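Okay, so subunit A shows up in both of these, paired with subunit B first and subunit C after.
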Partner chain A sequence: MGSYILKRLGQSLFTVVIVVISVFMLLRLMPTTGYFTREDYVNLDETARTAYLRNLGVLDNPVVQFGRFMGGLAKGDLGRSISIYPRTPVTAVIAEKAPYSIYFGLVSIVLSMAVGLGLGVSMARHKDGFADGAGTVYVTIVRAIPSLIWLFLIQQWVSGVMGWPMVFYSDRPVSWILPLVSFSLSGIAWYAIWLRRFMVDEENRDYVKFATSKGLSKKRVMRSHVLRNALVPLVQYFPQQILLTIAGSLLIESIYSIPGMGGLLVNAIRQQDNPLVQALVLLYAVLGVLGVFLGDLLMVFVDPRIKLEGSSGKAA
Partner chain B sequence: MRREPTRLGPELFRPAPFDEAAAELTGYARYSYWRSTFRTFLKSPVSIFLLALIVVLVAASFAYPILSPTDPNKVELETSLWNAKPGAGHPFGTDGLGRDIWARTWHGTRTSMLLGIVIAVLDVGVGMIAGALWGYVRRLDRFMTELYNVLNNIPQTVFLILLTYIMRPGFWTIVTALCSTGWIGIARFVRNKVITIRDAEYNVASRCLGTPLHRMISRNVLPYLVSILIMEAALTIPYSIGSEVFLGFIGLGLPIETVSLGNLVNLGKNNFMLYPYQLAWPTLVLAAITVSFYIVGNRFADASDPRNHV
Partner chain C sequence: MSGATKAPAPGAAAPALLEARDLSISFSLRGRRLNAVRGASLSLRAGETLAVVGESGSGKSVLAKSFLGMLDKNGRVDSGSILFGGEDLARYTKERQWLALRGKRIAMIFQDPMTALNPLKTVGEQIRESAALHRGLDRKASRLAVLETLDRVGISDPEGRYRQYPHEFSGGMRQRAVIAAAVACRPEVLICDEPTTALDVTVQAQILDLIKSLQRDFGMGVLFITHDLGVVAKVADRVAVMYAGQVIEEGLVREVFYDPRCPYTWALLASLPQLGVKGEELYSIKGTPPSLFKQIKGDAFAPRNPRALLVDYEEEPPVFDVSPTHRAKTWLLDPRAPRVEAPDTIERLRARLAAGSGGTGGRP
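Right, the complex of A and B next:
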């Protein structure tokens, strides 16, 4: 097990390095005019522009730039934002915004697990009954209709009907309700649909017939046999979901004006804020890869039948 | 006393007539995978209805721009024609510049459908070949798994913005950006399926007989994946249409002069408080399409699973 963990950590590190280098080099392909705001570009003359770019360090050879980035990283310095929060250290930007996304993300994971797993269990228990039908309609709406549409309608209608504020205020808990619900809706659908699928699959297994013929009640069979086995494939995704809450949600955070991480990456890319993009890509890649790795370990922990050291095909 | 050996000849055999009842009994004789798949799929009236709805909506969106002379981008100079309510001249009303929303909805549906279909064909085509090789050729596994991890962790926005510099923002930019990461998800799905049939006995036998790789993949492996690929294509279409709406929201979608459902939804959203119908009608058509594709794709997946065949 120890050597397997080391090997996987090595592979994960390799992936992260490749991702960071790729994004770093892709950013260097962007035209240098992107580093200026429109007014600056018009107002500055050619020498001033070159001086500015040289000062940013983007005129150097990309390999030299990458060396500088790695040097800073080794000292825990991710650089300073260029255009979005001019001259603010990137770490300070993330430290200020991340708590909002993490808070909403974690509470919504708890909420979607509680509601989603409950819905999934009742859909599987009453297969083809009312709960199953209603659940399927819900899942279809959430998964098939672009989320922008229903997120927007929820904000417009529910806040109107309930008299709740339309945007987020950090000091008014009533304004937290709708963003939280919005964060959870697709998670609920995800848990419900997969738990139902896995439970229905498990119910046809021989051990279930055996347990039933042994005289166990249906409730008991469901709880201590079917549910336990059906949760195994889901458990794999928990760590990644928890770690990536830091990324927030672009749509929800911009609809409710929550100052979280959601739109940060897209905005940083659009405004060519290289240090910010690099830091975020590094952060998300590390957490994403680490999440997959922890997910595999957690699955072994939950289900002792699964062995990771075997063929690489199964573990991947 | 040597007995004369019996000579084999047709007179010794009596052909059995085909007995349908007996054939039913064994349950194998007349089983055809595709017939059972379609029979299971078409058994549900909901599937038939949604399939018909898709055909009607797609046909309407492709026929309308040919048949109707209404220009979806024609701006009215008369302010009294702006933001008109749905009525005789304009079934879905007009928008803030007097453009006819009925015409825009059908032109937009055509753009979004084309986008969805092109992306689905490219994603599934590339994903199928790459996935089959990935699953079948063991030496590729390390490389492809790594490529998957890397592509999965590079934000799509980076590709998209870079592409808008290289190409002009437009239809093919979005297609390229969505496909550049979309194919590998399908490839991975195909790969997992291929691994389960790679070492089935008939494939081991084929390999021992020296069947070349391209024939192994095209004859022994891919036919088992056709139903999965149809399902993936059906589900990629609503996903792509939804992505276009999202990209329009963050300002990286199709140029605003291109009429698409994404642009219509984002425009309608801005005027929702005053003129809710400007959002409602395009949204209804969009939802009808994505929901139909989603349900049809899932039902087809269920029907193609032999466990659901009777």
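Right, the complex of A and C next:
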């Protein structure tokens, strides 16, 4: 198992490097005018502009620039933001914003799992019954209607009815409720529909019939055979979902004015804030790849049939 | 068997342990009713093996599942009774009633051992589940009981095997594990639904021997569903032949194999490859079984029976006793019926019996 983990880590590292280099080089293909605000560009003359660009370091050979980026990275320095938070270290920007996204993300994962898995179980147990029908309606609405529409409805209508604030205040917990609910709605739908589907699949398997013939009650068969087996294919996605909460949500964070990570990457790209883009891409790539890797590892522990290459058979 | 009236016993010997009387089961499929079992009767006694044979769709598996209350959701018992331990299981309506029975007094083994075990649970745990449940043993005691049972069904190194997962077992070993789970609570009735069909021939023989020896030790009544007449000859004491949802002939293996009375049983035996004559084309039954969606008039086998009588198309035949242990559902046994000779193959079988190859058939 050790050698397999090393091999997978190597592959993961390779993936991250490719992603980072590609994004880095693509940014250097952008026209240099993007580094100026419209105003600056008009006000500065040619020499001042060149001096500014030279100062940023973007006129050097891209390979040299990449070397500099890697050198900084080795020392934990990801550079300073250019245009979004001028001259602020990128790490400080992320350190300030990430907690909001992580907090909302993690709480909403817990909420989605609790409600979504519960809903999925009752949909499967009462297949074709009321719970199943109601659950299907909910899932269909959440997945078929563009989220922008129901997110706005929740913000406008529910906040009006309940008398809750329409935007996020870090010191007023009541203002956290609607963003959390908004964060969780699609997660609930995701867990419910997949768990239902996997449970219904499992219910029709022969081992369920055999377990029933052994005299186990339906409840017990559902819990100790069906549910357990149906969770296996979902487990793989847990690490990824948890790690990527840091990316936040563009839509929800912007409608509730949450100072999270949501729109950061998009804005950084639009304003050609190279160090910020590079840092975020690096971060998301590492977490994404790590999430997949941990998901695969987790599978070994929940499914005894899966053996990692090179394992001695004691993996499970 | 307190309240039950005396059975119209095919064999008067011992009282029936499990008895289906005039049982009808139907399924609703897209608004239509499929009559899978149409008034079938059979009885199983303690310590004996009754083989139920018939082609696919003859209702043998459905019949067996109804004994455990495990019909699919769209199926129901329309009429008739299932008598077991003084109760009529056909009247059971609640899951709780079945739970007192399933696995504890009536257990079942399924066809495919590759899929009958949960792939994500250790084999030992899956056997322990029922042992702990029905015998009220704690974790440690039930574990010991499982190890003992594993040993009894011929699984060596029970300790090590207990902790293994189904995928670490071969097909034959899995079927042994399934059998262990089924007999862990010493059921009175063991239903085997084609337990060897998915196994290769050498393993088949071992599993059949195992079932026989367990039956001898525990005195279980074994209901053995199969379409393999070779298996019947090897394991069964008695045979019930099913066609189109009815038991058309029931008797000792010797009686049904060497003195079959129903045209369908003739046809079934005549199509055995072992009875063919080298160089001649093997007999096969023409046509297909009737659709069970429709009301069947007369003898269900009549349209495929080249020697069918006119009455076969009009009236359903009653059941006639051939001997105290042998009964058949055919008009040919009516005193008014013309004499119809069994086909040559059947005559050859009789001749072979007369020549004294003996026993309950062995391998023909």
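As a working rule, the second predicted complex is superposed on the first by the 309 of 316 C-alpha atoms of A that agree within 3 Å, B and C clash if a C-alpha of one lies under 4 Å from a C-alpha of the other, contacts with A are read in each partner's own complex, and residues count from 1 in each chain.
The rule is short, and it goes like this: a residue touches a chain if its C-beta (ideal position, glycine included) is under 8 Å from a C-beta of that chain, and two chains touch if they have at least 3 such contacts.
Keep in mind that this is a model prediction, so the values were computed, not measured.
A.B. asks: When the two structures are superposed on subunit A, do subunit B and subunit C clash or fit side by side?
C.D. replies: Pair status: fit.
A.B. asks: In the superposed arrangement, which partner chain does A:76 touch: subunit B (first), subunit C (second), both, or neither?
C.D. replies: A:76 contacts neither subunit B nor subunit C.
A.B. asks: Would you check which partner chain A:303 touches, where first means subunit B only, second means subunit C only, and both and neither mean what they say?
C.D. replies: second
A.B. asks: Let me test your reading of the model: by the given contact rule, A:173 touches which partner, first (subunit B), second (subunit C), both or neither?
C.D. replies: So A:173 meets neither subunit B nor subunit C here.
A.B. asks: A:141 in the overlay: touching subunit B, subunit C, both, or neither? Say first, second, both or neither.
C.D. replies: So A:141 only meets subunit B here.
A.B. asks: Examine A:289 and indicate which partner it touches, taking first as subunit B and second as subunit C; both and neither are also allowed.
C.D. replies: Only subunit B; A:289 stays clear of subunit C.
A.B. asks: Kindly classify A:163 by the partners it touches after superposition: subunit B alone (first), subunit C alone (second), both, or neither?
C.D. replies: Touch status of A:163: no partner.
A.B. asks: State whether subunit B or subunit C is in contact with more residues of subunit A in the superposed arrangement.
C.D. replies: Partner with more touched residues of subunit A: B.
A.B. asks: Once both structures are overlaid on their shared chain, how near does any Cα of subunit B get to a Cα of subunit C? Whole angstrom is fine.
C.D. replies: Across the overlay, subunit B reaches subunit C at a minimum of 6 Å between C-alpha atoms.
A.B. asks: Hey, what residues of subunit A end up touching subunit B and subunit C alike?
C.D. replies: Overlap of subunit B and subunit C footprints on subunit A: residues 316.
A.B. asks: Touching residues of subunit C toward subunit A in the complex: what are they?
C.D. replies: Result: residues 68, 70, 95, 99, 101-104, 107-108, 110, 112, 115-121, 126, 129-130, 133-134, 165, 167, 178, 181-182, 185 of subunit C touch subunit A.
A.B. asks: Going by the contact rule at the top, pick out the subunit A residues touching subunit C in the complex.
C.D. replies: 205-207, 209-218, 224-225, 228-229, 232, 302-305, 316
A.B. asks: In the complex of these two chains, what residues of subunit B are touching subunit A?
C.D. replies: Residues 141-142, 145-146, 149-150, 152-155, 157-159, 161-162, 165, 195, 238, 241-242, 245-246, 249-252, 265, 269, 272-273, 283, 286-287, 290-291, 293-295.
A.B. asks: Which bits of subunit A are touching subunit B when the two form their complex?
C.D. replies: Counting only subunit A, the residues touching subunit B are 11, 14-16, 18-19, 22-23, 26-27, 29-31, 140-141, 143-149, 152, 156, 250-251, 263, 265-266, 269-270, 277, 281, 284-285, 288-289, 292, 312-313, 316.
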